[in-house]
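My questions all concern the structure below.
Going in written order, the chains are labelled A, B, C, D and E, and every chain counts its residues from 1.
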Amino acid sequence: ADLEVTHWWTAGGEAAAAKVLAESFNKLGGDKWVDGAIAGSGSTATPIIVSRILGGNPMGATQLNTGRDAEDLVKAGLMTDLTEIATKEGWADFIRPSKLFDACKYEGKIYCVPVNIHTEQWMWVNPAAFKAGGVSVPANWQEFVAAGPKLKEKDIIPLATGDAWQVNLIFNDMVSSIGGKELFLKVYRDKDAVAAASPEMKAVFEAYAQARELADPGYVGRSWNEATSLVISGKASAQIMGDWAQGEFGVAGKVAGTDYDCLLGLGNNPVLNTGGDAFYFPKNENPEVTKAQLKLASMMVSKQTQVAFNLAKGSLPIRGDVDLAAANACMKKGVEVLNKLDNVVPSVNQLLSPDTKLEVEDLSKEFFADASMTVEDAQARFVSIIEQAQ
Amino acid sequence: MSHAARPNTLFKNLNAKVAAVPMIATVLIVFIGCTLWTVVLSFTSSRSLPELTFVGFDQYTRLFNTPRWNVSAINLGIFGVFTLVFSTVIGFILAALMDQKIRFEGAFRTVFLYPYALSFIVTGLVWQWILTPTFGIQRVVRDLGFETFTFSILNDQRFAIYAVVIAGLWHGTGLVMALMLAGLRGIDEDIWKASRVDGIPIWKTYLFIVIPMMRPVFITTIVLVSTGIVRVYDLVVALTGGGPGNASEVPAKYVYEFMFRRANLGQGLAASTIMLTTVLIIIIPWALMEYRGGKRK
Amino acid sequence: MTAINTISTEPHGRRPTRTFTPAKIMIYGVLAVAALYYVLPLYVMIVTSLKGMPEIRLGNIFSPPVEITFQPWSTAWTSACTGLYCEGLKVGFWNSVQILIPSVIISILIASVNGYALANWRFKGSEIFFSVLLFGAFIPYQVMLYPLVIITRELRIFGTLTGIIVIHTIFGMPILTLLFRNYFASLPTELFKAARVDGAGFWRIFFQIMVPLSAPIFIVAVIIQVTGIWNDFLLGVIFAGSKNIPMTVQLNNIVNSTQGVKEYNVNMAATILTGAVPLLVYFFSGKYFVRGIAAGAVKG
Amino acid sequence: MVFQSYALYPQMTVEKNLSFGLRVAGLPKAQIQQRIANAADILQLEPLLQRKPAALSGGQRQRVAIGRALVRDVDVFLFDEPLSNLDAKLRSELRVEIKRLHHKLANTMIYVTHDQIEALTLADRIAVMKGGLIQQLDEPLTIYNKPRNLFVASFIGSPAMNFLRGKITGANQDKAFTAADLTVSLATYDAQEPLTNERDVIFGFRPEHITINDKPGPAGLSCEATVDLDEPMGADSLVWLTVAGKPISVRVDSSRRYLPGEKVHLNFNPAMASLFDATTENRV
Amino acid sequence: MVFQSYALYPQMTVEKNLSFGLRVAGLPKAQIQQRIANAADILQLEPLLQRKPAALSGGQRQRVAIGRALVRDVDVFLFDEPLSNLDAKLRSELRVEIKRLHHKLANTMIYVTHDQIEALTLADRIAVMKGGLIQQLDEPLTIYNKPRNLFVASFIGSPAMNFLRGKITGANQDKAFTAADLTVSLATYDAQEPLTNERDVIFGFRPEHITINDKPGPAGLSCEATVDLDEPMGADSLVWLTVAGKPISVRVDSSRRYLPGEKVHLNFNPAMASLFDATTENRV
């Protein structure tokens, strides 16, 4: 049967990764991957995907952020139950970290397939740009801030970023990297208002305020891969972005460690979250489609697919048992942290409801855009968001 | 009209009633039904899916305590006032100029009207290109040698909403011009002659005689423009995406986002209800005016 | 009949003269400046779409192309990528046509019958329905979206061609009905009465007497619907279903799926191509639009 | 039924306009043809059959509208102010045509009009209506000469009837109408009820029922008056004078002009006058 | 200048309408007041000053329009069909008022109208225009009685002048007009040029210049005719007859009714008739 798959992977590296999935699926024979890419980002695509599922015209499979995005849909019984195949193939045994897999569970049943691990706490830097600015490549956030003015003098954008979720990503990264793992968990997992009001959190906001100074005004309306290409071309020196940025570096033929480098946890606290992309399979009336869905699900977690896909996407595989010989320097750094598990935290998507998550995003992007907003004001609002979070 | 039906027979005007079934269904199911549904569920804690857990005015309390909503509402006000004032004024001036027996009237009319044919998405994209500082007007002027020239309203959260106004005016003023032109052409030419004979300067004639006479046209225009203002969405999405920060957010976007993306239907519907109420507040005075107007005719 | 179209679209009085007085020069000056503001974006779109990428990076957006290339146009039409497919806009174009034609015809048909019933065959409650319908003209789409998803789901037309046609018909109904009602009401009532005396019924009067007299308002309705439906993004993306993705959605996909660098020229070409249909409609029938607006909107 | 605004279907030719009702009724083609030919013949529409209404003059349009009623072969015609939208010249022409048609068809026609000339010239009987009530239903000349009440009197006739408000005075057979310094004997007036003394009445007389003389006429039927204005209307003139402090108009032959301020004498003809009760406004 | 469509400013009260031009001209308040009071007095507008035009009747509106011209204290008034949009009754009333106003102000008024009754009653001199050319400029009665050409003759007068096409026949002093079996002596006709024999002419005579008798009149001035129709118009009737195969109308007193088909005799009065050359259409 034709299996329509919706996702928002339209940037270069992402599209290449999607192609891997499509081709592998088509190769299995019998069924066909019908690509339903929706350009923009999750914010454009999610409403369309959700409304289609609600509207009773579900696609065969769809990308959704693991976490609570899909929870209500699962609750309403709109998603295919994958428990059977998951048990049969023993997914629980090889998917790591297990928290990632937990996100797919609802009342003990499995409803989604995680396809990769995305880690977000990265600062991508272009050494050549720092050299051109007459400063050494920074080792951590503080050094980077110090280098800012010199870079600006040379007309190099210190920090390339884009609107909305991209600046929010910077903020959340800072909570774990500047504030540390403890703070991150207290605030986001425990919804601890006291922690949110703490001096540590204030430091996070202060760092975030510094980031605001280091970005160029052109960030408005810029997409993340445009920002990445600014770093690639040396027009900007750094970008704080998830590991998917590596896909772009890869497409541009750049080599990690030489052409570009990465600061895990902004060089401060090497904490990684384990978010990622996951696929859901909305319930379908056609049994052929259901069969195809299960086939796709099983294929997605297979070793072969995992390697090829994650290399293209720049993310980490969900299996601990795959060979990562082909992985680059930065990926290896990530795998190291992941293997230790100490410094792994759940992703914000898993901890916060979409509502709270986007409240935080609203605050962080407003703060980023409005230089006159003080750290105190922002923190006060942050506290009230955390207080009301559910 | 004297052929109003006797009300008591169901089968009188049967054909008319049958023909009006689609309209009646639309009205009852879509407009009334959906509105009621919206209002009722705005008092619940519905998340992704509608559920009937009533929480009183909680959603409204939260709504009015959300900075983003307040910014959206203020933005809608700013956008609304500026769009209304400028599109009416500019539209009228253009129409008045076009009415001066000029040559190339058709060409000018086409030029002023064509943006209306383009979608807000296209409008937003084009103006984004033009207003982007790294690329558009600012860069062009700087390249001309004015190194310090700054025109970056798109990236300044104080002015981003005015970028939306500029693009919106570009899109919609042509229609206003067309309406005004039609209105001007409907004015008895003798009025012009009379005011000439009275020795009244042209601008005074416009101000004190023609504009008051065009009241119905102005009302139509204002109503039309207002409907567009309340539902402004695509333009913001394409032009600023609501940014920088939340600086150019608008209510329609708030509603849409809460319904489908934040999985907080209750909150989205509370915002919808407020929007619907606003619309009613706009319409009712107009409807009353029209009613009286109808009697006067 | 003289009662129809009493508002002329011609200016009053004598034809324009060739003499240029200072006042005339000022009028033309102001109009020219205004026109500049209006054409500028179109100009930017066109010149950019004709430039190659290197030239775009070097020059400014207002400079004319040094070397004209039509590559971006053909790319946009046939091979621009969205996701895995690189088929350009043409698929979306045909989808849009497929949505457009039945939607325009059905929505206008229904709205004109509504307008006719409301203007000439008022029945008990018809005015109330009309008032509510008008209120519907003001309701932001976003507000109705969720319930409409549910309604179309229950009708089992969600995500189908039928679904999107129904949705366009519903959203087009208020304003079109208003236009038609006002127009039919402005026709002399005696005409209707005469046809009644001649023994004609509801449909015969409509098709044989009213419709042939209503060319101006039908033209306006077609213009409004063609541009409105063609330009629609939100409804198309949600209700049309993946097989019927309209052109605007594809445009958005192309513009927003950047592969490496943003191909501004392709984006602009795609934008112009997408806007071409409504633009052509306006260029060729703008005059009727103004005239029809006068007949349907201003008078009412 | 024929409408004031013709109500022709603008998109159809004259022929189509005429045949529409018949086609709706499903008459056989041949019969339709024959009826149209007949109507076209009566109304001289043959040369116009293929034209559209827009290409017709007002009078031709109204003829087509009449034709549309004609082909339907009805017993009663209803004309609703059919000539109001025509200019004076056409109006008088078409009026004659309608009268001819009436004579030829000899069927009932109900003709609504605001124009009293039309009413007077066309009607066998006129019903004057006011506020939905018939004021008088009579033959035209009766309505003109013996209006039953003040409304009918003032409505019919152009230039309008003159009215003077006054009292009835005088002995038994010698009743007279008195207003200020004017006294007119009512000896020849054909009263419908006894003329009681001191009764408040309105004395009405049409402009053509007074003559102007240079010398005083018989006592009790004549008075002096001052010329106010002289309106020559071609065949005759309307002279406005002041009598008993009120302006009245008199229709005279236009061969003699009167100057404002000139003193003249008026002769009344009470036999042609009307007398109305001042309170009920009915004829006495 | 006073316009056919009144051209009042609809959103202003009558007072504002009157004063707007003066205020723009910057006249002192007191003077504006005084002029308005004056105009309002002349036109009896006082009770209406605070109303808006929409709340006025047609005649009142036109009075305000006249008032607007009046307050400007001009030497020449230009009226452009001021009464065309009014109904017959109002028209005749306002006509008289304008005439009074003219007498009172005694300044020049140029009055454009399509209505010949207005022209005849109001004018000191009438210019009849056609296609932008003046056809005749004369006093009203001259225009009426001695129209200079066929256009003027047919344009002025209602019911219209009758025309018969024929030839001039007869000996020197005994010229006559002949058409079919009709011969009318032209002995008393005041010709402006020699009447040559066999010349094609059009003989025009007004309906009121013919009398109907039951017996034949003097030879050469009388003929037999058949009654076609009788249109009673109140004071008088218009009788349509057929003479020399052509329909003509005759105005008679309405006291006698004529039946269609009745044979009567007509008496002509050539002194009041007009004769036009059939080709140049000018009066001979």
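Keep this in mind: a contact is a pair of C-beta atoms (placed from the backbone, for glycine too) under 8 Å apart; a residue touches a chain by one contact, two chains touch by 3 or more.
Just so you know, these numbers come straight off a predicted model, no measurement behind them.
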Starting at subunit C, what is the smallest number of hops through touching chains needed to reach subunit D?
1
Interchain contact steps from subunit B to subunit D (minimum; 1 if touching):
2
Both subunit A and subunit E are touched by which chains?
B
From subunit E, which chain is the farthest off, judged by mean CA positions?
A
Note to self: most contacts are between B-C
Intercentroid distance (Cα basis), subunit C paired with subunit B, Å
16
Report the inter-centroid distance (CA atoms only) between subunit D and subunit E in whole Å.
19
Dist(centroid_CA(subunit B), centroid_CA(subunit E)) in Å evaluates to 58
Distance between the centres, which are taken as Cα means, of subunit B and subunit A, whole angstrom:
38
So which bits of subunit E are touching at least two other chains?
none
Where does subunit A touch two or more other chains at once, residue-wise?
47-48, 51, 54
Sites on subunit C at which at least two other chains make contact:
145-146, 150, 193, 252, 255
Listing of all chain pairs that touch each other, if any do
A-B, A-C, B-C, B-E, C-D, D-E
In the complex of these two chains, what residues of subunit C are touching subunit A?
81-85, 145-146, 149-150, 152-153, 156, 158-160, 237-239, 241-242, 252-262
Under the stated contact criterion, what part of subunit E meets subunit B in this complex?
1, 3-11, 20-21, 24-25, 54, 68-69, 72
Over in the complex, which subunit A residues touch subunit C? Could you list them?
4, 6-7, 9-12, 15, 18-19, 22, 34-40, 44, 47-48, 51-52, 54-57, 59, 223, 225-226, 229, 248, 251-252
Subunit E partner, complex, touching residues on subunit B are 188, 190-191, 193-195, 197-201, 204, 208-209, 212-213, 215, 296
Tell me, which parts of subunit D touch subunit E in their complex?
87-89, 92, 95-96, 99-100, 103, 114-117, 120-122, 140-141, 144, 156-160, 206-208, 229, 231-236, 238, 240, 251, 254, 257, 260
